[in-house]
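Chains: A, B, C and D, in written order; residue numbering restarts at 1 for each.
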């Protein structure tokens, strides 16, 4: 029997960090050697998340302490900027890095700096990273040393649009993405926006147009899928629920097609994919809650040459820590679904 | 001093009926002479809605009994089909009818039958009704005998799009309306869809494409505003909250324009309107909760000839009973805002 | 016609301050001369609460500026400590002070300091304040210069227990108060506890036993009602909803009684009270949402000498700003219900 | 290697049935041979619960068809009355029956009939059943042929009170149980009470006093634990969330004690129990969501001889299908935690 893969989780006091930790506990081939949380260093993880008491409580270290722990794989659940500050060291230490932050998602320092408004401190690594969306980059992920796990909104957009873009069935320049997200997408940090009373019983759009940082990532990756420049209008909305993203996407077909035909295209595109379900019904976020599934469906609108694509994911699982573990399974040679919730 | 206007409310055991009743209680020029609720005839209104105890509890009558009560104005908060069955009698009795159902919203029996799948029993009255959206039909409402109060989604769509359609600034054939509604829009009837556990912590699209009955009404009225045939893609979504609609609308500009310019157009269009607020911020449903306001805003998307229009209303107030009372104020010569929540 | 009463609202950027402001807008005898919010001085109220745009937007002043504005009545919606720091000046200025903070609720500086852990800076005023629960102190409030508006939990406890305590029907030493509150009770300040994701889909007890600051106020006032020392076990719980308190209270009867008999006692006690409804059904928070009502009911438990009393209020209205306005109506000689939502 | 245990799930279209089914899919020693749902016979399980698509969809049979399927163990997720109608046949067929309904929880037909108001059709089996709360009846469950899985409220009450009752530290006659439950406890059936709009943003008590059917079960089992007749006041409340129960229990100590001392008693009582966590913090329902844990804690109230006990469980997991699987693990000789979520 193989020795377990040793992993460290840097940034374990956020929703993605603790979720990833709990998945690792249930993964038979993995052992967690360290968990860090800068602001809570010295405390137990259960003091931040009482739900892990008895399951697998452990001390929270500072990032520096965690860097010293033995590890084959380091998961980074840190804010952007913090991640790129330590990735070079982790790679030098010989760790495989699976980064859930945005720091290595963009292909160039210029585009990173355009969208994130900070200078990139490790620009040479951008071209060495692999973009961690297994359904489209499985082969490259298997041999990656640095995986940039996609953002939650970009995951839903790519899984929803890839079948149509790769077959050049839609105009990549006129895509509308109307996304609705649960509040955990905003993280655990305190903001007026995420105060219970302001968000409960409210539906709020935010960062309209070309403002949200995910626009750059979405357009970069949709362009790659389309083999042509893609351009999107992206409007995210905050929904009074904890988890889940539904992206409703409006596209212009370049030739007439029927719903049945496009559903066939989707089924063909995702044949054999374990975590994408081409749903005859309309996807709803509750159907994928706490799972690594992406549910997709498409409808051609009668009497128009337009279609609506739906993609529902759990923003924390397929949109973050589930997808990260899926990447690790590929990198480490495990079954791709090992340890993932269905 | 004038004698109060006598009103009856037929269908007082639904959310719109009881809400309208409570507004009437606070309206100094109105006295309610009867409230009906077929299934609860003989009970007190407070047995269905304990919140009205002490405020103005009263007996629920059968529809037949309520028809006999003296009334200047009859409000109909009945399901479609039930409304058209009694409107002719009410008009013969000399009542002014303010109908919150869908039965008289369409201009022709054909279009009604197309969207509602039932034969219209009073087709000759369709051309005599006035469509009760005061911001656009104020003059006609003042002398109406039969007012068809708009649907909730159509109200948000029209208020959001009218400034651009009437000035022919957008293509009326390529409008996308992505609407998000609280659950009270589905009424008080029991369905699996509105069961708490199925709707809470869930975001669900439904009736995609040209399926929802409001599509016909939306296209009819947008066409009137545009002076040209309008065509929409309409996708409603159910949001886990009680009240509120946000419509996010994607439109193609026929010439280039800036956000500032279009905001100016909106402000000009709604100058002097007491219940439409042209908001510099993005509208959120909580800002209009329990009020008769419609909040609208518009953003041109950089580098495109497209814009996004937002309109938030409370589906029960501006989307139903508030708008109905606003119509009554016009018909009866009251101040238009009398008795309306702000 | 009388000139309107001029009022200032100090602390208008919290939930109670803005709610009070909106009530004042609808009160025909009142004009607001100034609103303050230290952290937002210089901004418009609508920048904090977009919902007031168009209704009655106005500038937010610093406290010092607001103190200079002409005023007959000053409402204080400030945190404790901040209130007592300025009450003496307001009284010297000849204002009537209606204080929604906790600073003047206790009868002695000792008890204040015991529960609030800070030194009282105006102890001589404690004996001059009137406790602002109109149902029990109506006469005194009419001539008060300083009204201490009760806390939300204490309001529900007193209204629920007064009929039994004043008649000495229960043991005042063995009262259990199990309260459930919406999240707005914790205010608008950011805390991990009120972060949406931590509170949504969660039911959490807090401050168990003799820890919550309201225990002192509850026992002081229940003792006054009982004419004997009262002692309570108080356990508050946070409920995933915005507004509303339900207190479920378990009491030991000193003699056997029936539910009917005790319901009669409640009806007699509250006969003529406009804002207390003795409900035959069990009170629910939704029945009193956005109203100034307290709904109460009592059940004797078969085969025991114990009873359960329920009291539901809206924590922001009857539990805070509605009750404050009710007090102002008494002080200023208005009808007690003027401007209050029902 | 042993052949898998064959199980049937009768009543798979409710929340407990589908939850149990999903646990069984992840249990390595179990294979599901049939799932029934009378009203949905002939449909696929995924047509009722789209979330199981791809995971392990399967046809729904009628109960009669499911009775013919090979099975070592039959789980009954049926309403009361329906369960007792088929249990005798299942036992004759040699199946082990794990019944999640209330039909076999009571010790005598008289008490069943008193609380459930229907005649028991298999009274002789009542004395042969084992009450399925593993923490207290582990030994008996191992050799049971008919296991009556406890109700959700009774589970929380027993786990919370057992340490104090068995040591005779409290008066068993004066127990107050104030319980708060998520809405899934009311099942999937449509009722006005569980309509989203009526339950959302509402906190509602129901079935006060000696009315709720669980009172009988609670008193029967607490009496067994106490070795003396127990008597409770039980007040359940409906909370606007999907899952979770928190029971707040008020007890009279028979001698003085400290919180530390009683916490020690709890830790000792539950030493070695994998699914009971004696929590230093106050239990919250979110900490046990989707797990089989019961979190308990106790506080002595200063200056009184009373204590408050808290117990939080997920009403669907430890309160229903998780506990059922835990029982099956014991009956079938698996590790007690096999397949259970933590």
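Here is the rule we go by: a residue touches a chain if its C-beta (ideal position, glycine included) is under 8 Å from a C-beta of that chain, and two chains touch if they have at least 3 such contacts.
Keep in mind that this is a model prediction, so the values were computed, not measured.
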{"item": "A-B compared against A-D, more contacting pairs", "value": "A-B"}
{"item": "Chain D against chain B, contact positions shared by both copies (same if over half, else different)", "value": "same"}
{"item": "Chain A and chain D: spacing of chain centres that average the CA atoms, whole Å", "value": "37"}
{"item": "For chain B paired with chain D, centre-to-centre distance based on mean C-alpha positions, whole Å", "value": "46"}
{"item": "Separation of chain A from chain B, taking each centre as the mean of its C-alpha atoms, in whole Å", "value": "40"}
{"item": "Junction residues of chain B, two or more chains touched", "value": "200-201, 240-242, 284, 286, 289"}
{"item": "Contact set on chain B toward chain D in their complex", "value": "15, 183-184, 188, 190-192, 194-197, 199-201, 240-242"}
{"item": "Contact footprint of chain D on chain C as seen in their complex", "value": "176, 178, 180, 182, 198, 200-206, 208-210, 231, 233, 235, 237, 239-244, 246, 248, 250, 282-286, 289, 299, 301-304, 306, 308, 310, 312"}
{"item": "Residue numbers on chain D that touch chain A, as the complex places them", "value": "50-51, 53-55, 201, 274, 277, 279, 281, 284, 286-291, 293, 295, 342"}
